[in-house]
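Consider the two complexes below, in which chain A is the common component and chain B and chain C are the respective partners.
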Partner chain A sequence: MRDRLSRALPLLCVLAILIAVWFAGSVAMNWDQAQDLADEDATWSDIAQATLALDRPLLPTPDQVASEMIRSMFGYPPTSPRSLVFHAGVTAWAAIVGFGIALLAGMALAIGIVHVRTLDRALMPWLIASQAVPVLAIAPMVVVVLGNVGLTGVLPKALIAGWLSFFPVTTGLVKGLRSSDPMQRDLMRTYSATEAQVFAKLRWPAAMSFLFPSMKVAAPLALVGAIVAELPTGAQAGLGARLLTGSYYGQTPQIWAALFMAAFLAMLAVALVDLTQALAAYTRGGRL
Partner chain B sequence: MTTLLLLGSLLTGGLVLALLARDDRPVFRIATPVVFGMLVLWLWQIVCTGYEVPLVLLPPPSAIAAAVVDHLPTLAADFRQTVLRAVIPGWAIGSGAGLLAAIALDASPFLRRGVLPLGSLVSAMPIVGIAPIMVMWFGFDWQSKAAVVVVMTFFPMLVNAAAGLGVTGAMEADLMRTYAAGYRQTLLKLRLPSALPFVFNALKLNATLALIGAIVAEFFGTPIVGMGFRISTQAARLNLDVVWAEIVMAALAGSISFALLALLERVVTFWHPSYH
Partner chain C sequence: MSVWPNARAVPPEAPIPVFVDAPIRESVIQARGLGLTFATDGHRTVALTDVDLSIRKGEFVSLIGPSGCGKTTLLRLIADLQQASTGTLLVNGTTPAEARRQRAYGYVFQAPALYPWRSLERNVMLPLEVMGLPLAERKRRAARVLDLVGLADFRKRFPWQLSGGMQQRASIARALSFEPNLLLMDEPFGALDEITRDGLTLHLHQLWRRTGLTAVFVTHSVLEAVFLSTRIVVMSSRPGRVVAVIDSDLPAERDLDVRETSRFLAVAHAVRAALREGHGDA
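And now, the complex of A and B:
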């Protein structure tokens, strides 16, 4: 109890400070707009109050964002394109499909790299170098080109999400598949185990403790990829579309609500990976 | 004819690579990926020209190289707008502020326990999404892009530097005490230097993040110059060779800055065990 309190108290204090700063920032940033809208004889406190309740504030207050989130999440049925849940679902689906593609492709490539020396020497340096390249820049082109070939909907977005999250999965798995103790590999040899058996009984279990951390990096990346891929399609659906329409029409509460929704999805994704990790550990007797 | 050429190139390329990969000498370790890269470019080229893949689908490397040469003034202007005006200042300010914040947090365990969990939470979030807000606050020009970059680079540096400041062992700290060194001296002579590998890690990570942030922020509105602006508008017009030329520039900017940082890291943290 004491331990939990000593961890929660600093966090709560910092959160309280952040919210206070946010309110103060709202007053300061919305001041000019509120002053323009106010009557001639408005007092300072009238204007200050008005800054917290503008329709299109430069910085909406925390409670404005919260009420916009509640309104757009629960005010409409989840299938309506006006519902935030609908847009979050569209983006999450693209991210999940992309993450699945990334996992499969990353596993295939990592297994190839670990077992085929030529692949390791020829491809691995490029994989590492690709970390320094802003791959997200290709998103608009991929979406437009695939749209031209007739591929629309979830697939172009999923491909970008997958492309982005593929690198951490691959490099993490390559490290993991190589992490088994050479002694144990020698032991497997003395058992005259085949390459497939060594993989299934030694390499793969040893790679698990590397796979989950890289999945935790990759999952939010898939989300970023899906959101950015929604920008060039002319903003039809998804959180990226909400950001874009919000910025076109100056609907700041809508932008902030979409942003918080994206943050929530990212947290959810990381929590899901944690859960899978716990399940995997449980099925294997409590340790990875 | 093309199919024959393709199969032949694949076969010879694969054979050459397999031979190269057998040798462990450093020359061969560099030659293998280089040959692989050239093989990929060559296959890309013959597939595009041989099967007459439409330019709006995938331009061949030769067309991309020609586009780089043809559009050099435009590319240079975009580079100036995006990299020199938004990425580099934003990266420097964001990383610097993150480092200073980590040092400030270091003095107060209470604040550290409050801020660090939030910091690592935020650094796993899709921060690029703040781009429309920054465009609204700081206008269409490079200032809003630099602001996005500042926010994106701040948190990874904060988290990494804070972790780096925590790595010094009790032995070293005791030694500093026997020297009667104060907090400042311990920080400057012991803890900051030993945090440097972590700081460089964040700097390298941030170099890529900064480019992504600036390019994506330009998708939300720019003056008519900039790499992200060029990529999104020319992709919509199906001028894919120009888009690819911009991507080549972005990739070059990313890998060159990464390489420079890695070089600097080697020079500054020469004492680190990973270089022995």
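And now, the complex of A and C:
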């Protein structure tokens, strides 16, 4: 118990400081607006109090964001377009499909690169170049273009999410598939194992300890890709759309609520990867 | 009923060295004028030259020599992990490549090379999986060879939970699991402390006597070579070649104390003399 407390204490201290700084920031940033709205005879402390309770504050206070989150999460049924849960679900689905695409593409590319020497030299420069394309900047355009060729729904968003997140999977797996030592490979050769057997029984299991860290990097990237893909005009659902409408109508608490929801989803995604890793480790005697 | 033509199913407790009184001693390994030269950065390195060697069924032959004398290379040629550039080499009367395809030999490396994500049992079952044996048969054989090396109680453990000596014993079990008639070992005890080494050397000797395997054993250690072998092939470096082949005729029934006997010391002396001679030539 003491031990837990002593570990939680630093974390809680940081949290307290962050919230305090946030409140101070709210007062400072909302001051002008509060002053404009205040009566002539309002005192400094009146204005200061007003900064914490504005309808459309420049920087909403933590409690405003919290109540917005609670209202939008629990105030409506999760299927309602006014529910934050609904929007989070839309984004999460696009991120999941995108992450699936990233895993499949990343694995296919890595397997090709490891097994075909030509691919190693022909593909890698293009993959690196693909990551230099500012997808975040052109994502809205990509979605519009894909929509014009008939790709609508979750797929355009998932493609952007996949584009952003496949690279860590590929590089991690390439490294992992090559990580077995020569002796372990010679051993397979003494058994006259086929290439497929070497892959299934040596390369792939050896690559696992590289795959999971890659997935931990890729999962939040997929989420970012999904959100950015929801930003173009026309997107009516998802955390990205929520950010956009929030900024159109000056609904800053809504923006912040969506941001916190995105952060929460990312933590959830990484926790799920951790869980999968723990399950995989269990089958290998607890080490991975 | 054995799947492999060359495998003999010997129950673990059978005390028979099948080969000893066999009328015909067929050759398991036959090398004629064997050599390996490779070029690196325009330099030609002669790793092995003009090796003539015949190893009969049931023999325990040690290859001993200084580092770089090509003893490991010779073992790798037999295993078809490398290919000779000159000469001929027959393993089980066929090419090394064909012998490898027939899974004629089990290979024990310098390090245990166990797969850390597999339990001991599953490590031992690895070659059997590659060969496509059904699970029940895999389990049966794994249990048998793990028992043979005294690791039956540790089958569910993972490699990192075991000492170095136990890991190497597991790797020997793995090499024996598919009942090859030839066991190739590349300094298997090189990384272990002396007490563990002694234990394993004795263990390996008993294992060889019980199974009647043909064994080729690469080592740095004169004591190990003399204790284990029926014949000792002394090699020298630059270029790697055979300088002497010394017979050892210690009593079949032996323990570590045999190393104090005059017969043992005489053979060891002969091996050391040959090693010195080879070194002087270089």
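One rule holds in what follows: the second predicted complex is superposed on the first by the 272 of 288 C-alpha atoms of A that agree within 3 Å, B and C clash if a C-alpha of one lies under 4 Å from a C-alpha of the other, contacts with A are read in each partner's own complex, and residues count from 1 in each chain.
Rule of thumb we're sticking to: a residue touches a chain if its C-beta (ideal position, glycine included) is under 8 Å from a C-beta of that chain, and two chains touch if they have at least 3 such contacts.
Computed from a prediction, not measured in an experiment: that's the story for all the values here.
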Inset, instruction - Look at where chain B and chain C land on chain A after superposing the complexes, then choose clash or fit. - result: fit
Inset, instruction - Return first, second, both or neither, reflecting whether A:Ala258 touches chain B, chain C, both chains, or no partner chain. - result: first
Inset, instruction - Using centres of C-alpha atoms, tell me the angle at chain A that chain B and chain C span after the overlay, to the nearest 10°. - result: 80
Inset, instruction - Pick one for A:Met188: touches chain B only (first), chain C only (second), both, or neither. - result: second
Inset, instruction - Scan A:Arg284 for contacts with chain B and chain C and give back first, second, both or neither. - result: second
Inset, instruction - Could you say whether A:Ser45 touches chain B, chain C, both of them, or neither, answering first, second, both or neither? - result: neither
Inset, instruction - Name the contact category of A:Thr79: first (chain B only), second (chain C only), both, or neither. - result: neither
Inset, instruction - Name the contact category of A:Met208: first (chain B only), second (chain C only), both, or neither. - result: second
Inset, instruction - Please determine whether it is chain B or chain C that touches the greater number of chain A residues. - result: B
Inset, instruction - Return first, second, both or neither, reflecting whether A:Gly246 touches chain B, chain C, both chains, or no partner chain. - result: first
Inset, instruction - Could you tell me if A:Met141 is touching chain B, chain C, both of them or neither one (first, second, both, neither)? - result: first
Inset, instruction - Please state the minimum Cα-Cα separation between chain B and chain C in the superposed model, rounded to the nearest whole Å. - result: 12
Inset, instruction - Provide the residue numbers of chain A that touch chain B in the complex, in ascending order. - result: 6-7, 10-15, 29, 58, 117-118, 120-126, 129, 131-134, 136-138, 140-141, 143-145, 148-149, 216-217, 220, 223-224, 227-228, 231-232, 239, 243-244, 246-247, 250, 252, 255-256, 258-259, 262-263, 266-267, 270
Legend entry - Partner chain C, residues of chain A touching it in the complex: 181, 183-184, 186-193, 197, 201-202, 205-206, 208, 284-285, 287-288
Inset, instruction - Report the residues of chain B in contact with chain A in the complex, numbered from low to high. - result: 14, 17-18, 20-22, 29, 32-33, 35-37, 56-58, 110-115, 117-118, 121, 124-126, 128-133, 135-137, 204, 207-208, 211-212, 215-216, 219-221, 227-228, 231-232, 235-236, 238, 240, 243-244, 246-247, 250-251, 254-255, 257-259
Legend entry - Of all residues in chain C, those that touch chain A in their complex: 79-81, 100-101, 103, 105-107, 109-111, 113, 115-119, 126-127, 129-131, 157-158, 160-161
